[in-house]
Structures are given as structure tokens and as C-alpha cells.
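Below: one structure in C-alpha cells.
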Amino acid sequence: MEAIILQILNGLDKGSAYALIALGLTLIFGTLGVVNFAHGALFMIGAFCAVTLSRILTLSYTVVDETKTDFLGNPAKVDVPYVYDLFGQATGDAIIDWAVPLSILFAIPVMMVIGFVMERGLIKHFYTRPHADQILVTFGLAIVLQEVIKYFYGANPIPTPAPQAFTGSFDFGAALGFDPNLIIYPYWRIIYFVFAAIIIGAVFAFLQFTTFGMVVRAGMADRETVGLLGINIDRRFTIMFGLAAAVAGLAGVMYTPINSPNYHMGMDFLVLSFVVVVVGGMGSLPGAVLAGFLLGILESFASMREVLAVLPGLNQIIIYLVAIIILLTRPRGLMGRKGVMEE
Amino acid sequence: MLGLEKKDFQLLLVVAGLTLLAPFILNPFPESSGMAQFNAGYPDLMQRFVIFGIFAIGFNILFGLTGYLSFGHAAFLGVGSYGAIWMMKLISLNVIPAIFMGIVVAGIFALAVGFITLRRSGIYFSILTLAFAQMSYALAYSVLTPITGGETGLQIKSTDRPLLSNLEEGEIGRANLFGMDMRASFELNVGDWLFTFNAGYYIAAIAMLASFYLAIRIFRSPFGMMLRAIKSNQTRMSYTGLNPRPHTLAAFVISGMYAGLAGGLLVAMDTQVGPERMFWTASGEVVLMTILGGVGTLIGPVLGAGAIKYMENILSKINKDVLHQWFAFLPDGLEDFVITLIYPFIGKGWHLTLGILFMLVVIYLPGGLVEGGQRLARALRGKKASDEDGPKASTEPAE
Amino acid sequence: MSKSNFTRRGLLKTSAVTGAGLALPTIFTAQSAHAFTNEPTGGTVTLGFNVPQTGPYADEGADELRAYQLAVEHLNGGGDGGMMNTFSSKALQGNGILGKKVEFVTGDTQTKSDAARASAKSMIEKDGAIMITGGSSSGVAVAVQALCQEAGVIFMAGLTHSNDTTGKDRKANGFRHFFNSYMSGAALAPVLAGAYGKDRKAYHLTADYNWGYTTEEAVKASTEAMGWETVAAVKTPLTQTDFSSYIAPVLQSGADTLVLNHYGGNMVNSLTNAVQFGLRDKQVNGKDFQIIVPLYSRLMAKGAGANVKGIFGSTNWHWSLTDEGSKAFVKSFGTKYGFPPSQAAHTTYVQTLLYADAVERAGSFAPCAVAEALEDYEFDGLGNGKTLYRGADHQCFKDVLVVKGKENPSSEFDLLEIVEVTPVEQVMYQPDHPQMGGAEASLGSCNNGA
Amino acid sequence: MGILEVKDVGKRFGGLQALSDVNLSVKENSVHAIIGPNGAGKSTLLNCLVGKLIPDTGSVMFDGQSVLGRTPHEINQMGISRVFQTPEIFGELTVMENMMIPCFAKRDGAFSLQAIANMFSEKDVVERAESMLEDMNMADKRHMHAASMSRGDKRRLEIGMCLAQEPRLLLLDEPTAGMARADTNNTIDLLKQISDERDITIAIIEHDMHVVFSLAQRITVLAQGTPLVEDDPENIKGHPKVREAYLGETA
């Protein structure tokens, strides 16, 4: 029982990351009809926004400390962050400690701009091109983006911890009346889940309740007609691309304390996020979210040792197995529309 | 000739010429010049050019003709390789049965996978094939370790005693063709040039030419026409009384067998298999080769395969010291500056160059390298014919 | 700058020139013209440095490459000579190898065995490399080692920790200086028993591939021999990035120790996740919960950040060692590059020196002669104390470092502290040990090539 | 007994009863038109005949055999060809290739490995396709890409492709929809010619009364998913029920 509750928690948490990435991917696909292989790279760049902000906050000048020596036996150089000078050491440390949450503010404009530039500069020209071309160009872009990040930040993962206040874990078990320590879950992962839920909710609300969203939804359903109505869909689609980039970026920022970011984290998520989107049904936002959580939960259950004892290796293939079963029983994924991406 | 139209026969002749003379063509620079770094005429890379050419030709039969984008084709290459190496480990070190085994195993696997995945089309098909390939990879890496060797893969060991061989005790078996070692080479020294004619390469090259010939025949045959008809209009296809699925399945299996042939040849040239051969990036690579060269064209996939393998093997080996050697003639400050500019794109930065190349090709040459060649040819012809007409870049898709 | 380490086929520099202009075709199977593959006939000798330059281990590969360049510089008489000065053998003169200037070529393994072999083959076939070295994973090491065996060149393994490299997949032409899973287990167990007691319940998370299996087996065997109980061992996919669903159930199992048989990105993520779950703040069976990482590296520790604090593991070498060899190496590496070398850099530097020294002592580049010179060779002064290159399996035997994540690091490199140097006797095993492939494992016979 | 017998066919989509109690009998070698206002269920009925939809109730017999549960290509192989509202042809293929494909289908069947082997003997197919192109007056366009032709030519090609299979029943779904008057008249002439010269039954769904009354020998009027009347053209013209159905719609 405890084990099952725990894996459901895990599944929701994993699922929220999958759903967030798949959501952005579907937004782009649904509105612009573009298969964006660079979406994982946007997620990765989001994570590196957090790394960059924490680098900016810890920008330092060096002071030679005669009392210490470095590894070669020379007097040690000690880095003193500028924020110490600006705010004093205690406040400075607190600011550095809060780098990841602060990065949210930093990442939104950065990601929007990256999204706009990408759409105007490149993607725009590919709306009418075959999907194969879209795949190749966005895949090329993804490689370029990750190689650029690798050039500046190296290949090694970069630890980007959550603020001290959010370390440790919450004991659900004790709260629910089980023995303590049986069902614990880290605070930051709970925050991630809540954050993802808010973002997903906000995107849905935005599309559901604003005129802008209405037009975009109409455009998703039938682009030509909306165009005929004299509505400037293009500008709205640019904004949607920026929004999707921001969603991916925020997913990345918040993910950094969970796993240290590295330059290939986008590629690691790419295949998975496409599987999620397709299982959900190409172009369906609720489908993407549903599939994200479904696959997250199933993956968690498949990693239980009780399950693995019976079916060794199931954890290796569960995502793909589920994808195959769903696609064979439901031709267009969970909530896909007919005729989308079937040619 | 050979049942081909004149144009196709000429193309086949050109490809045959290029392939057979590859040891010369790929080694244009004298050994002692700085440019020798760009020589690609050594056996391993030449073998890879033609083997991955086969892989891409086969992939193009499926993707180029029917429009079904398989994202898991590397699985067939991998399975073919495993089939071939087991044949060598257990039965015979001769490459023929091993390659044959690779084709058969890959064909059977493709039949099974295709039977299931071809129930869907479009991206749903792509994801289904991807799922099968990723499952194959994951299982080969982990729980199937007893069969696949897991991470370290399979090699021929001194303890392997194939049935039809008479190895000495402790001797490690080698791939051969009726006694001819795949690594046997004939070297030709001409002045400062060294040309290597490798047995393995020529076997692979003959296989490639045969595959290429077969591909032309398939492209030009009514069967190829059926496949193009499937890509063009499946509705009309079924309302014309034709069942599209078995046609597509046949193309899928043929394409899988091409991959198996490539896998078997890889093992024949270099007797080892690792599971990464089936990872999704390897499947992606063949897609990129085909698109880069020109989807649906005959020669495109071969060119694309060559371009990517060349970058992977030549560009990645240029390091800072090599650059310093090249630009040693410049004044020190300028030399360092030039090297700083170039360095991110070569050596460990070769992925960056690859990414940029993909983007440039797809932006400016939607028809891939073949279209680039056609434009170039047109431009040259246009200049010769009349200057006022001028070469006008057109964007019509490459044939 | 006019430094030139660029190389091309050694034989051409001399032999081809004689035929220049004559365009005389010469046919030879290498046997008639050469005694062994890529025999250097000119004034230079080419080594092939095959390291990951793209992919997740690119930083480790870059550090290996730095060490190789340093080694080449030292062999050719440049720099301060580094560990050549502290090396027990004095065969190396600083005039290259056997008087031939050392040049090198580099390649990218991509941490894939196919790519690694392609790269190594191009070094052998195109660049005329006489020895291949490098790598940052066991899959690559085993694949390239087998290739070198076939091609008839020497392979000096880089960072490879799996038992298989010198166990069931050992080859006569391949040599490993780095330690292995068995040694990690054997070195860690007593230290762990001392620190955490002999009554522990361990929970293993194991990367689901060969290296993971051998490491789990080794750590299990040696800790169980100390009295620990293994509660469960769960395999995790190599491609896993989020380990929460594997870590969450650990406490429910009643285990009080978590062993992470992970390396690289897997290890960084699983350790980060485990610390996130607050496992180390918990008490189980009245004991503090502990986490163990059998194989540590500084680059990984850097990736995991503060999460490594207080966590035990083992390592092949660490820059804070104070023997003369290590000090000399750190000084010369640190002066050149501005930061201390990693264990990957150390092992690759040492391998290059050992190879060069063996050639000098053998008086020949012929792989079989070099192998003979390396087999059962005892040396000292290369940072690990007295070391034996055992002839039976081509594995180095030396002291093993047990380290712990440092609580108060003084710099970004100062992440690990040495807890104990486990003497070599304790990590010694028989060449036919069951974990090493048993009696069946054999080197085969050395191969001089075509 | 007609060549096509539809008995009590009903089809429901969710809450919408698209067809109910449809009975229809098409006489061999006649031209039978099915007319009705928009939403009368004409297309649904057609889709039930060719295997795209499976009716919930009733039966559809072609030449004494049931077509229900068969796939479109099986039904086609039984001898029913369909012309679509917007021409469905192989746009990327040449006109000649378009014509060859039905010839192969006729000769080799839906698919078999034998058929693939047969494909390499194409001489008779080429001859047949060429004569078919002659018949359709399209021989001069044989090397054109089908997609680059005018709509009228595409229609002509599609009809030719259907005829190449020598079907016993040709189904046409508003073959003149969206055509200019001149093209429409050409199509009428073509269909007349086909009906006169060949042993073929034609069932046509049409909106354009000019077309219907120029061609049909028998007419079924469909309204709200049920047949209202089935009669000869002259009786249909003034039929009160028909007026009601159409006027009710247009008023």
C-alpha cells in the first residue's frame, strides 16, 4: 500500500515534467503545424538560464588570501562575489541560494525572446514545407544549440541546488497515519508538481478564456478559415511560439534542482516527449497532459522491484510498450484528431 | 543495358566507376602535405561509406517511395549484425553465410515489426517504429546480455570454435572470404601518394553496387510505381482494388533486409557488434543521411551517407595542433586568431558543424545535395550556353 | 607558433620518398616489408589518443587529452619532465621513444563502441599509429582492445573500471592501469565496516549493463563477507535520468545503506536524487542512513555538488596524494593547465609513460616485445606507490584509495578527501577468479599484426 | 433482381440517424441516379456500398454476394469502381502511370507475392493502359504529371482509371461538382458514351438536375436518410413528395 502510494506520487511528479514538455511541443505542433525537434533544446536552455543566473549572481573578483594555499602550494586566490559587496554577505548568500526561483523571472523574457527569434528567423519559413524538412532543420538547430551550450558550459553536469529552505522531504506517511519514513517526498518535487499544475492550468485558461486563445484554438482547428476572416494569425502564432518556448524553459528552470543540468538533457527528453505527445494524440493539449501523467505513473510502477522480479527489464521498455499498445488500440492516441499527421 | 534505361545505366556506371576507383579519388592529397588530413581513402572509412550507403539506399526504398518515415531502422541494422556475428562465432568464419544470416534475420524481424507498425501511418507509424527500436536497444543493452554481450557487445574470441573452421588452439578467428582475409590490402605507392586497395572494401563495394542496381530496378519497376502510388494517394489505391498494406510491408521488409545486409557487412569488415548500433540516434542518422542527400532520389542517400561519415571520421580528428600546422605560415597573432575562429567547428566541435550543415542544406537546398548538384550543373551549363540567360536558382524539387 | 605534432603514415616519410617520381608500384603484404603493424621507420613514432570528445563524457575525455599532450611533451624532453623524474625506471631519456620523436593523433570515441573502433581503425590504417590508448567506459575499452588485438597494436586502456576489461575480455595486446570493480569492493568493505559497523542492510541500485553487474557483484561479495546483508538489488536503465521511483522505496525496504552502482551522469543524478529525498537525514534500525558510491571521480563529484559530502567511495588516484610522483604530476599539469588533474588524466598519463618505458626497455616497438616488457613488471613513483603489471591478465595491482566527499571544500577541485589507502595485498585476486571470467578467461597470444 | 440490391440498410452516427430502411435495386446495365437534398444521406449510402462504412442494419448484395464486412479493395475487386467528388488520382505520377495501376490491379489482383513477380512482365499492361488513354482522348498527355492537369482532365482520367478495371458497376459521387458548364457537358457526353458502348451499370449521386435528367434511366430520391420515391425520370419531375423535400429545403 505504502509502496503504491509512493509510486503514484513519483508518477505524478515524473508525469508533470513530461506533461509540461509535451504541452509546449503540442502547442507548437497544434498551432503552427511544425514538428519541433528543437523543443528539447528549449527545455535545456531553460535549465541553463538557471545556471547562467546563478553564475551571474556569483560573479566574483579574486582576492589573494595569504593564509591559504592552492593545490600547487601558491597563495590561494579566493573568489568574492560582487553581491557580497552590494548587499553584504548574509543577504548575498541568501540571494545566491535563491538563484533557481529567481531564474523564473529571468527565464520568461529570455525564453520568449528566443522563441520569437526562432519563429521569425527560421520556423516561419517552414510552415508549408514537408514535415521531413521541419524535422531536419529543427534537429539541426537542436544540435547547434546544444553544442553552443557545451562550448560555454562544458559537458559535465552543473549542480544547481534548490534553496536551503526547500531541501529535505515531507513525510506524507506520518500525515496520513502510516509509520513515519515510509512515504516521504522531497519538498522541491512537490513544488515542481504544483508549479507544473499551475502552468498547465494557466495555459488552458489562457486558451479557453481569452479572445486571443479563442482565435488560436480556432486556428488550430482550421487555419485557412481563420486566415480568411482577416485575422492576422501569423502574429498570434509567433506569440504562441514564444509562449511554448517559455513553458519549456520554465520546465527546465524548475527541473535543475532535481537533476543537475547538462548540455544533452534536451536530447534525453526529446524522444520521450515525442512519445508522450503521440500517445496523447498529435495536436491535442489535454491528450498531451493526460499521456504525460499516464506514462509517468506507469514508468514508476514498472520500476518497483516487486514488478521487476517478475518481469526483468520491464523498466527499460515500459514507455515504448505502452506507446505500442495504445497506438494499436487507439489509432490516433488517446485524444488525437483524425487526419492530423497521418500522411 | 541490364534492363535499365540509358540514363539509369549511365548513373550506375558513374557510381561503379566512383566506387571502384574510390581508393584514388578519396586520396587526392600527397601524404606529406598538410591536406593529407582530408584524405579519406583508408579501408575502414571507405568500407563505412559504402556500407552506410547500402543502409541509406534501403531506407530510401521505404521512405522515398512510400513516404513511410521509419524512425527505428537502426534496429534492423543491429539485429542483422547480431545475426551475422553469431553465424561467425558458431558456424563459419566465411563472410558469405554471415552476411546472408544478417539479411535473413533482419528480414524476419522487419516482417514482424512491419506487420504491427504498418497498421498506422504518418507520425504514429514513426513513433511505433521508434518504440520497437528503442526496446530492442534497451533490451540488448541490459537483460539480453547473454545473447548480445550487453554494453561490451560481441566479438570473436579465442574461445570461439566455429564448426566449419580449423583454427589452432588459442587462435582468434578472422572474417574471410574463402580464405581471403577481409583486412588484406594491396598498397600502391605512387610518388608521395599511397593508395590502399582493401579486399573487404571491394567486397562491400560490390555489395553496394548490387544493392544500388537492385534499387534502380525497384524504383523503375511497376512495384516501385505502386509504392509511389501509395505515397501519392492511398484512397485511390484501395479503391483501385489494391491492398496498400502488403505492398508497404514488402517495401518495409526489403528495406529491412538492406539494413540487415549493411549490418552483416559491418560485422564482416569489423567483427564486433555493440548495442548502440540500435540507439535512436543511429536511426535518426539514416534519416538525416537520406534527407541530406535527397529523398526519393537514387544517388542522394549514398551522398548523404558519405557526407555524414566523412564529417564523423575526418572532421573529428582535426585537433588544435593540426590547425597550428596548417596556419603556421601566418604571423603568430593572426594565426592564433584564425585558429580561435575555426577551432569550435572542428575536432570536438564536429557536431556543431554537422548541425549547421543540416540547417543550411534544408534551408537552401530542400532537395538535398542532389539538388545542389543539379543547380550547379545547370549553372555551369547556363553559363556556357548564354550569359544573358543567367543561372536562375529554381526551387523545384529534385527528381 | 610552429609546433608540429601532426603526423602521417610513418613509413612514407622515408620509404615513399625514395620512389618519388618513379611511380613504381610496390606490392607487399606487410610481412615482407614490416615486422609488425605500422612499424615506425622514420624519425617519428605516432600514438593514437582515442577519447570521448562529444557526448556526456566529453569533459573527462578533454582531461585525458590534456594528460596525453603533457606526456608527449615530457617524452620529447619538453616541460619539467613530470613523473619521468620520479619513475623508478630510468629508461626514458626525454628524447622521444627509442630516439624517435613522439607524435600523436586524436579521435572521438563518442562513448560508442562502433565510433571508437572506427576512430581507432582510422588511426591504425590512415595515421600509422603504433599504440592506441584512451577511452572513458568499459564498453569502449573492451571493443577497442579487441580491435587492437586483431590489428596487432598495443592498447593501453584509459578509464575503464569493469572487471571484464582484464577479466573475461582480457587480451594479450591490451593493458590496464586503472583499478576495477573487484578492487573497489575489496578496498571499500573493511573501511565501511569500520565506519558504519558490520551489521548493515544494504540496498543496491545498479546500472543495467556489464559494468554495473560486475560492480554490484564485487561490492556485494565483499560487504557480505564482512557481515552485511543485501536487502535488494534493483537494476536501473542506463538512459534513466530521474531516479526518484527507484530511490523512494528504499526506506520502505528496511535498508539502512544505499549503494549506488552508477557512473557518470547516472551517478550524479541518482546521488542528487537520493540526497533530495533526505535519505541521509533518516534513521533506520537505529542507525544513520548512509549512501555509498563504489567508483568516484572528481568530475562526477563536481556534477553532484554538495550532495557528495560525507559519502564514501573509491578512486584510482587523487591529486591530493603527497608522494613524490603525484606531487610532480600535479605540479606539471597544474602549471600547464591551471587546475589539478583528474584520475582519468592520471591514468592516461601513466599509461603513456609505461608504454614508452616498455618500448625503451624492450628496445623495440613490436607489440609482443612491448607486452613482454610490461608483463610482471614492477615499478614505483607514478603516484600509486609500488605497482605490479601482472602478466597473467595485464592488470595493474596497486594500493586503492578510499575517499569521502569533503565536508568543507576549500576550492572547486577540493571535493574528495582520502580516508584510507587500502594496501595492494587486500585487493589482490587470482587471475582465474570467478568474477574475472574464471578459468576460461585467457589472454590469447600476442599479435604483432600483419 | 438488380445487380445491386440494398435491403433495409440503416446507419447511425451517435445521435444522428443518417440512414434508415434504405431499399434500393439497381438494374444491370442501367444508369441509376440517387438524388436528394443536402444531408439526405447520399454520401453515407455510397460509403456503405464501397466498404468505407459498415451499416448497422440491413444488407448490401452485389451480384448475389454480400459486400458487408469487406474492405474497399476487396469490394473493388468484386467489380465496383468509385469516382470521387474531388478527383482522387495519383497526383505525383504521370498520366500513363496512373492508367497502368488499375491495369495491374485488374490483371494481378489486390496483392500477392505472385503479383509482385508478375509486375516485371508489363507489356500487356502497357498496351492496355495505352489503349485506355486513347479511348479517353488523353494519349497526348501521357507524360504529364497528373496533378498539373485541369480539373476536367483529372475527372476524365479518374473515370478512365475506373473503366480500365472493367467494373460491372461504376459509382459516381457528384462527378460534375464545381465544374464549369462546358466541362459538365463534356462529362455528361462521356458518361453517355460509356453507358452506350460498354456493358456497365452506372449509379450516380448528383445534385445537378441537368446532369441527372440527361443521364438517368431510373431515379431514387433520398430525404432524411430514407428513400422517398423510386421511379423513372419523367415521373420524378412533377412528383409532389420530391417537390416538398426540395422546396422544404430551399424555402
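In order of appearance the chains are A, B, C and D, and numbering begins at 1 in each one.
Heads up, the rule we're going with is that contacts are C-beta pairs under 8 Å (C-beta built on N, C-alpha and C of every residue); 3 or more make two chains touch, one makes a residue touch a chain.
Because the structure is a prediction, the values reported are computed rather than measured.
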Among all other chains, pick the one whose mean CA position is farthest from the mean CA position of chain C.
D
Greatest contact count: chains B-C
Centroid distance [mean C-alpha coordinates] between chain C and chain A, Å
35
When the centre of a chain is set as the mean of its C-alpha atoms, what distance in Å lies between chain C and chain D?
74
Averaging C-alpha coordinates per chain, one finds the centres of chain B and chain C separated by a number of Å equal to 33
Residues of chain B engaged with two or more neighbouring chains
138, 141-143, 351
Taking each residue of chain D in turn, which ones touch at least two of the other chains?
none
Which chain C residues sit where two or more other chains touch them?
58, 62, 208, 235, 237, 239
Pairs of chains, among all present, that meet the touch criterion
A-B, A-C, B-C, B-D
In their shared complex, chain B is touched by residues of chain D numbered 50, 71-73, 76-77, 81-82, 84, 88-93, 97, 100-102, 104-106, 109-111, 116, 119-120, 122, 125, 161, 165
So in the complex, the part of chain B that touches chain A is made up of which residues?
67, 69, 116, 119-124, 127-128, 130-132, 134-135, 138-139, 141-144, 280, 284, 287-288, 291-292, 295, 344, 349, 351-352, 354-359, 361-363, 366
Within their complex, chain A touches chain B through residues 35, 122, 125, 129, 131-133, 135-137, 139-144, 147-148, 151, 271, 274-275, 278-279, 282, 312-313, 316-317, 319-321, 323-324, 327-328, 331-333, 341-343
Note which residues of chain B are touching chain D in the complex, please.
221-223, 225-226, 228-229, 231-233, 235-243, 246-247, 250
Could you list, by residue number, the parts of chain B that touch chain C in their complex?
31-32, 34, 36-37, 39, 42-45, 48, 138, 141-143, 145, 150-153, 155, 157-159, 170-172, 174, 183-184, 186-192, 194, 196, 266, 270-272, 274, 276-277, 312-313, 316-317, 319, 321-322, 324-325, 328, 332, 335-336, 347-348, 350-351
